[in-house]
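Questions regarding the structure given below will be posed in turn.
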Amino acid sequence: MTEKKAVSAEVPKETPVLKAVHLGISFGGLKAVDDFNMEIGRSELVGLIGPNGAGKTTVFNLLTGVYKPTEGAFYLNGKKMNGRKTYQVVEEGIARTFQNIRLFKKMTVLENVKVAMNKDMHYSPLASIFRTNSFWREEHDTDERAMELLDIVGLGDKKDAMAMNLPYGQQRKLEIARALGTNMRLLLLDEPAAGMNPVETDELLDIINNIRRTFGISVLLIEHDMSLVMRVCERIQVIDYGVTIAKGTPEEIAHNPRVIEAYLGKQAEKEVLNMKDASGHVIGEEGSAAAADAEPDKAEKPDETAGAGTPNR
Amino acid sequence: MPKSAKVSSLINLIGVFALYFLFLAIFESGIFGAKTDYFKGIATTACYTIIMVTSLNLLVGIMGEFSLGHAGFMSVGAYASAVFTNAIANSGIPDFPMFLLALLVGGAAAALTGFLVGVPALKLRGDYLCIVTVAFAEIIRVCFTNFKITGGGRTMSGIAKLSDFYWVYWVTVVCVTLMFLLIRSRFGRTVRAIREDYIAAEASGVNVTFYKVATFTISAFFAGVAGAIYAHYMTAMIPTSFNFAYSAEFLTEVIIGGAGSMTGSIIGATFLSALPEAMRTFARYRMLAYSIVLVIVMIFRPGGIFGTWEFSLTRLLKKIFRVKGTAPGGKGADAAKAGKTGKGASV
Amino acid sequence: MSIFLQALINGLNQGAIYALIALGYTMVYGILRMINFAHGDFIMVGAYTIFYTAPIMVSYGMPAWMAVLIAVVVCAIVGVLVERIAYKPVRGSGSISALITALAMSLFLENLAMVLFGPNPKTVLKIFKLPMITILGAKIQMKYLLTLGIGIAIMILMNVFVHATRIGKAMRAVPQDKEAATIVGIDVDRIITLTFAIGCALAAVAALMYVSTYPRCTTDMGSMMGIKAFIAAVLGGIGIIPGAMLGGIIVGLIEIFVKIYLAPGWYEAITYGILIVVLLIKPSGILGKNTGVKV
């Protein structure tokens, strides 16, 4: 964990899971995302933040093949992904969740996950017509694997419920389980904590850390809640008007005047203070995963917070 | 195969045979006297309508797109199979293999058409797709009106009478079973996911275009089989029979039975093809009454009469005999489809 | 040249009929996102009204075309009744329910006509007694020019109405944003009713143009006309009023020109083929704006 921490501030040494180079897209002459560069290492958690309409979701849409980039390229495990369709990108190992939840509403929780596992199932239409042994075996195995994923997000006992009948927080968790079902290397989370209460948010963080540990996957997180991003991300990239304005560790980002100006506008001082409070507070309290991950800066972060806070005062 | 699945498959197989022997007893005992052939005809009509409506239900109920051009695919199957059997009429092939070949030719021709129509059309969704299916069906109709081999706008007659009711019964059982088993597999699950949210399905690694075109092609295949039955039952036909109104009739039967419910499609198709004959004396008011019933169903049960409910013979028997055995979980319950799901058990 | 001119006038006349019906489709679709498959049948309602009332008009010494006034009223009333009784209750139940209800109403109107008027076609008396004239060597029926003129006049009136009057503006506002329209004080239900009334009234005018060109009415005359007019609306860009007019004229011209110059048996196939091509290139129609799905 510590070694990962060490590389996190710079470029990852091994082949990065995700590498985006000068990635950009314009809609009718308007550059929605411009010169976007990013590298994510194995089991790293990187945050992508920015004000409303900065182009965060557009980045996700580029990385999942929903939009075709008009400039640049991106690579997954060194393999060029440009021009691939969404399902092909998913096959290669990038999965996502959606800002506005998109579940298969009138299907059961279990089925939602099994749909994502379809690409790893191989029995033929003939096998399903004749109900061969391979049909029953694969369905059974997929059921079991799907249940494992549901247990990880804490939905094991809801497997036969209709997705639409789940409470909001659980729907977000189901989206994560479904994304896990695609067996990906990189998980893109689009505002996973939106609309969640603090308890649910904490549960969500546990889940995210848990799946990183269990599957060794990398996570790119879009989040509006600054305090959350500061708490969990190892590195943060800030974009505004489609342009990257800062990159670095949470502390560096918190200090960066351009970020404060762009992201927080005139209310900067006040908000910065709140944000710092929140991050300091949590680091102190949440012992387990996050603290273990962030061992080196456990001691230094609260200090930093205080330090950053004073000049503003 | 789980034990519960074996049991329910067996039960369904018995159910299908029981229904067959019931028909056999009714028609062969001669209780209808001279009218036996007439009632056999109604039963045959019901059978090919069932195949039409269930195959359209694949599109409407499972894939969530509505087509108003299903009669077009039916006509492709009808004309292709008729041209085929006319061509090999004197080859000395016995009737039954000839009938099966006609069905395959009809199905294959319609499937090919479905594929060719589906590839461009399925780029569109919702109302636009609906309009394009109407347009394609009309183009198909105009083609058959102009082609010499299909009668050149006049009635194409003299088609061999091959659609014997008992054969058609088993063809219907097999077709519905095939569709049902396909729905209850990873294919059906994936297509239902596309219906629910195609963007999320794509983001879950589903090749949406492939599955949509495949569903469209399969649906067209079965419509073609139904068309082949139609051609070899009617022995004469005209392209204008396969018009917009006929397509609309199939769609209303899917919806009134319940989109997504095979039970609804089967019962809906049976009643709506048998009723017109039964109400022949009120012919003038029949369609009037039907349209009013449609509106009433849409107002009070927008999901159709059966919604997405499926009849299960196994479940029914359990209720009747209060068997406390293991509840059929997962796929076991799936295979428990009444009256029509025998095939799965036999292999 | 003379054939060309004749074809042009015929095509424009046919196109104007389609355009008037297409307007009804497009206005309803704009507001309710619903394909009103029963709309085509209003041309049948209008035609039968003219068939029955024109002789009465003549017997009172009035010109036969005055029957259209009664047809307009009858169509508007029937249209509003259909909307209130059948469409309004299913408004919240999804697009398939709305579609099926519309198909059912189409069946209902056609079969009601069958019960009331019988299955045999009726021959409408001559609406306009006008001579043939010769322009540039082409023999052209004056009545074609007249009905074409009526069509164009109605379309201009419609444009003025939706752009210059308060109600017309409300009719354009509701399709764009129902909630916002409610907030600024527009009674959406009333606008919907009005839309149906106007759409059906236009169909009555189309019926007049139709029966003066082809003096026959049958109970199923509406469905085929309706589908073509609907195709016209989609071609031009459904929900857009000028689009319906453009689409109607295009469909009418294609039909007549293909009939005369290319292959008489294939004109429908060619019309539908063009529709498919246009939709694949520009799914929202010729004048439509492309709107993608937001992820």
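Brief remarks on what is shown
By written order: A, B and C. Residues from 1 in each chain.
We adopt the following convention: a residue touches a chain if its C-beta (ideal position, glycine included) is under 8 Å from a C-beta of that chain, and two chains touch if they have at least 3 such contacts.
As the structure is a computational prediction, the values presented were derived from the model and not from experiment.
Among the chains in view, B has its Cα centre nearest the centre of the complete protein Cα set. Using the average of C-alpha coordinates as each chain's centre, A ends up farthest from chain B. The centroid of the Cα atoms in chain A and the matching centroid in chain C are 53 Å apart. The centroid of the Cα atoms in chain A and the matching centroid in chain B are 45 Å apart. Chain B and chain C, compared by their mean Cα positions, are separated by 35 Å. Shared contact sites, meaning residues of chain A that touch two or more other chains, fall at 66, 98. For chain B, residues touching at least two other chains, in rising order: 199. Within chain C, the positions touching two or more other chains are listed as 295. Only residues 60, 66, 120-121, 123-124, 126-128, 130-132, 134-136, 138-139, 142-143, 145-146, 153, 199, 244-245, 248, 251-252, 255-256, 259, 284-285, 287-288, 290-292, 294-295, 298-299, 302 of chain B touch chain C when the two sit together in their complex. Interface of chain B with chain A (complex): residues 1-2, 5, 9, 178, 181-182, 184-187, 189-190, 192-193, 196-197, 199-208, 330-331, 335, 343-344, 347. Listed in rising order, the residues of chain A touching chain B in the complex are 64, 66, 85-87, 90-91, 95-96, 98, 102-107, 111-112, 114-116, 118-119, 121, 123, 125, 128-133, 135-136, 138-139, 143, 178-179, 181-182.
The part of chain C that touches chain B in the complex is made up of residues 29, 33, 35, 37, 86, 89-90, 93-97, 99-101, 103-108, 110-112, 114-115, 223-224, 227, 230-231, 234, 238, 265-266, 268-269, 272-273, 275-276, 279-280, 283, 293, 295.
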